[in-house]
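Submitted below is the structure of interest, expressed as C-alpha cells.
Letters are used for the chains, namely A, B and C, taken in the order the chains are written, and counting of residues starts over at 1 for each.
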Amino acid sequence: MINFEYARPADVGDAVRQMAAEPGAKFIAGGTNLLDLMKEDVERPTKLIDITRLPLKEVTQTRDGGLRIGALVPNSDLAWHPLVEKRYPILSSAILAGASQQLRNMASTGGNLLQRTRCYYFYDTATPCNKRAPGSGCSAIDGLNRMHAILGTSDACIAVHPSDMCVAMAVLDAKVHVTGPKGERAIAFADFHRLPADEPERDTNLAPDEMITAVELPARGFPANYTYLKIRDRLSYAFALVSVAAALELDGGVIKEARLGLGGVAPKPWRDTAAEAALAGRPPGEAAFAHAADTVLSGAKGYAHNTFKIDLARRAIVRALTQAASGTPQSQSSKKIA
Amino acid sequence: MAQMGAGARPNGTAVAAPGKMPITLTVNGIATRIEVAPWTTLLDALRDHLDLTGSKKGCDHGQCGACTVLVNGRRIVSCLALAVMQEGATVTTVEGLAKNGTLHPLQQAFIDHDAFQCGYCTSGQLCSGVGLIGEGRARTGDEIRELMSGNLCRCGAYPGIVAAIQQAMERS
Amino acid sequence: MAREISRRGVLGGAAAAGATGLGGLVDPQDPQRPATAAAQTQRASTAMTPHIGTPTSRIDGRAKVTGAAKYAAEYNRPGLALGPGLAYGYLVTSDIAKGRVTQIDTDAARQVPGVIDVLTHQNRPHMADADSAYKDDVAPEGSPFRPLYDDRIRFSGQPIALVVAEEWETARFAASLVRVDYDEEAHVTDLHSQQGRAVALGAPASPAEAPFFPPKPRGSASVAIRSIGASAPLGASIANDDSVLDRRSLA
C-alpha cells in the first residue's frame, strides 16, 4: 500500500473540488473494495478523499412514488430498510445474497456500484491484465477462467462484475445520480457500467472527477412476484457462478411485464430486454421460460473452464422465473432451492 | 527469459515518511487518543498501538472475520477500516465485552458450548455474535448460520458457536 | 454440558487407549499395580467415552473468550524478554514459479524512512549447508526449504527478500519498491502430465522397511479413476496404466 494523503472534505462541493485538483486521488467511503485493492498494490491513489461524513445517507420517497437512495447508505441498512423490504424486496434479497454482514455494514451504495472485478489475474500484479495494465494482455482467456464471463466479453477481457445489488438495480431500471465539476447528471443504469470492448480499463461511464450522490428507483418494484437466485460453490459468502434476478407482473394468468437480469456471467450487470419482451403476453410456464433462457444465452461463449455456466444459467433462469411466477422467492437463509 | 517484477515507484512520487494524525476514539468505554499514519488500519491501531491484541489478523483482506469489532454498535471487519476514518467513533473489542470481571452472556455461552478450539477466530466470532444479537434479525439456526457466515473457523467449531449464540439470544 | 476433566480421568483414558500390547501398563487408580488386559479394556470404555463428543470446559477458555490469550506476534511492549522494542518484517515473494533471481534492487526500499534493513540471499546471515541443520531426526525425506539461501526460485510466492522496518506498514510499502529481475524457467505443476517420467520405487528390502513404501494396489487404479468420473488429463494419462502412483513420480 502506498503512502497516501488523507482529506476529509466539508461538503460535496469541497469533495469534488479536491478530486479535480488531484487526478491521482480517489474517493473513499466503506473502503471494502478500495482498501483491499490498495493492499494488493492494484490501486495506488496518491490521496484518499473521505466522503463518509457527507449528507448522502438518506432513503427517501420521490415525488413519482419511487425511492431515492443516498450514495452513502450502507448495504445492510438498504437491505433492511422497511420501504425496500416492502416495495423492492428483490433489491433486499440481492443485497443479502452478497458478502457478509460485516462487509454489508461497511459497504456503501455508491461503492457497490463501483466495485471492481475479482478476477485473480486483475488482482495479481505479476500477471498480464488489460484492465489493470492496458495493453499487457489478458491472462484469463487462456488461463484459469472458471469464474469468468460468458456474455459481453472481448478479446481484451473476460472479467465478471461481482455485484449482486447491481443485478437487482439493473432489472428495476435504476438511475444513478452523479455530480462533478460540470454539474449534476443522471445516468440510466444500463449505461452506467461498460463492456470491455477494447478499453477494459474503464469499468464505468462515470468521469474520473465525478462522484455518485444517489441511486433512484422508479415506483415499480415488483414485490409480488420476484426472486434473486444465486448459484455458487458454497452455500454462503462466495461470489456467484450464475445469479438471476427475475421479476414479473402477472395479469389474468398472463405475464404482463417481465424483468430478467443475470450476475456472475458478464462484465456488467446483465439485463436482456429482448428476453423480457419475449415473455410479455405469454402464460408463465416452462415453455416461455425456456425460450427466454435461450434468448438470453444465444450469444453466450464459454472458455476452457466455464462452459458449464451456459447450461447452469439456462436452468437457473427457468428456475428463477418459476419461483417468481409462483410467488415463492428464494430465501437467502434457507438454502433449499424450491 | 528475463522478467521485471512489480515494484515500480508509484506515480514517480518521492518517498517520504507518512505524517501521523491524531485521532480520538472511545475504545471499550475509554476515551483514547492515538497518532497514526493514514494507512494504518483500525485493526493494526488496536493491536499494535493500543496493545489490544484480542482482535486477530487472520487474512487482512476482510474475508475471514477474525478481526471483527463493533464500531458504533455495528459489526465490521477492522482490517478494511482505516483508523483515521473512525475519528470520534465508539469501538468495542472482545476485551470490552466482559463488565467488571463478569463475562458477557455470549462469552459464557461459548465456554458452555465449547464453541472454540484454537481460539483464533473466537474474538471475531464473539463480536460478530454480539452484533448479530443486536441486529435482532436472526431467529432460526439457518438464519444465524447465514448471518454469521462472515466468520470462518478452521477448527470447525461452528455447531458450538451456533448453539452458544442461540443460548445467549434466548437469555438476552 | 461442560464438565471438568480430572487429571486422573485423562491419564486413565490415555493409559487405556495406549494398551497396544506394549506391556508395562499400570492401573490408573493405583500406578504401582500392573493392570490386567480385561481391566484395561473396561477402563477404556468408561474412562475415555465420557469425554468424546462432550463439550469441555477448557483450561484456556476464559483467556480465549476475553481476548487475553496471547498468540504469535502479540508481544508488543518494549522491555519484555524480546528486547528493547519490536521491528516488523514484510516479505517480498517471487513472481515466478521456477528459475533464478538475476538481480534484486533494494535501494529504493532502503531509502524509505524507518526501514532498518532488507535481507536477500545476497546479504543474509550465514546459513548452514547441510539438510540436517534444517530438520529433526524423524522428519520425512527430502531437503527442507531454506528461505533466502540462494538465488534459486522453487515455487511461486517463494520468499526472496525480507524488509525490516520500525513499523509494519513501512515494511509493507518498502517491500513494494523492491525490484527483481528473473531468469524464468518453465514450471510443471500438472502431476499427471509427468507420468511418463515416473520412477519405479522398487520393493522394501525387509518387512521393517515396509511402512516406508506405498501399499500394494487393491484393484485397478484406472477403474477407480474412471468410476469417479475424472476426465482428461487425469483419465487420459492413467486410464490404461495400473502402476501405482509412487512418491518419486513427482517431477
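Everything below uses one rule, namely that a residue touches a chain if its C-beta (ideal position, glycine included) is under 8 Å from a C-beta of that chain, and two chains touch if they have at least 3 such contacts.
Model, not experiment: these values are computed from the prediction.
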Most widely separated chain from subunit C, with each centre as the mean of CA atoms: A
Chain pair with the higher count of C-beta pairs in contact (A-B, A-C): A-B
Most centrally placed chain, judged by C-alpha centres: B
Subunit A and subunit B: spacing of chain centres that average the CA atoms, whole Å: 27
Averaged-CA centre spacing for the pair subunit C and subunit A, given as whole angstrom: 40
Interface hub residues of subunit A, defined as touching at least two other chains: 1-3, 41, 126
Contacts with two or more other chains, residues of subunit B listed in rising order: 5-6, 10, 15-18, 37, 39
Contacts with two or more other chains, residues of subunit C listed in rising order: 95-96, 169, 173, 176
Partner subunit C, residues of subunit A touching it in the complex: 1-3, 41, 126
Contacting residues of subunit A [partner subunit B, same complex]: 1-6, 24, 28, 31-32, 35-36, 39, 41, 44, 46, 48, 50, 52, 76, 80, 99-103, 105-106, 125-126, 236-237, 332-335
Sites on subunit C touched by subunit B in the complex: 1-2, 55-58, 60-71, 74, 76-77, 92, 95-96, 102, 108, 111-114, 167-170, 173, 176-184
Contacting residues of subunit B [partner subunit C, same complex]: 1-10, 15-18, 37, 39-40, 44, 47-48, 51-56, 93-95, 97-98, 103, 107, 110-114, 116, 119-120, 122-123, 126, 160
List of subunit B residues in touch with subunit A within their complex: 5-6, 10-11, 13, 15-18, 21, 37-39, 41, 60-62, 65, 68, 74-77, 80-82, 84-85, 128, 131-132, 135, 137, 140, 142-143, 145-151
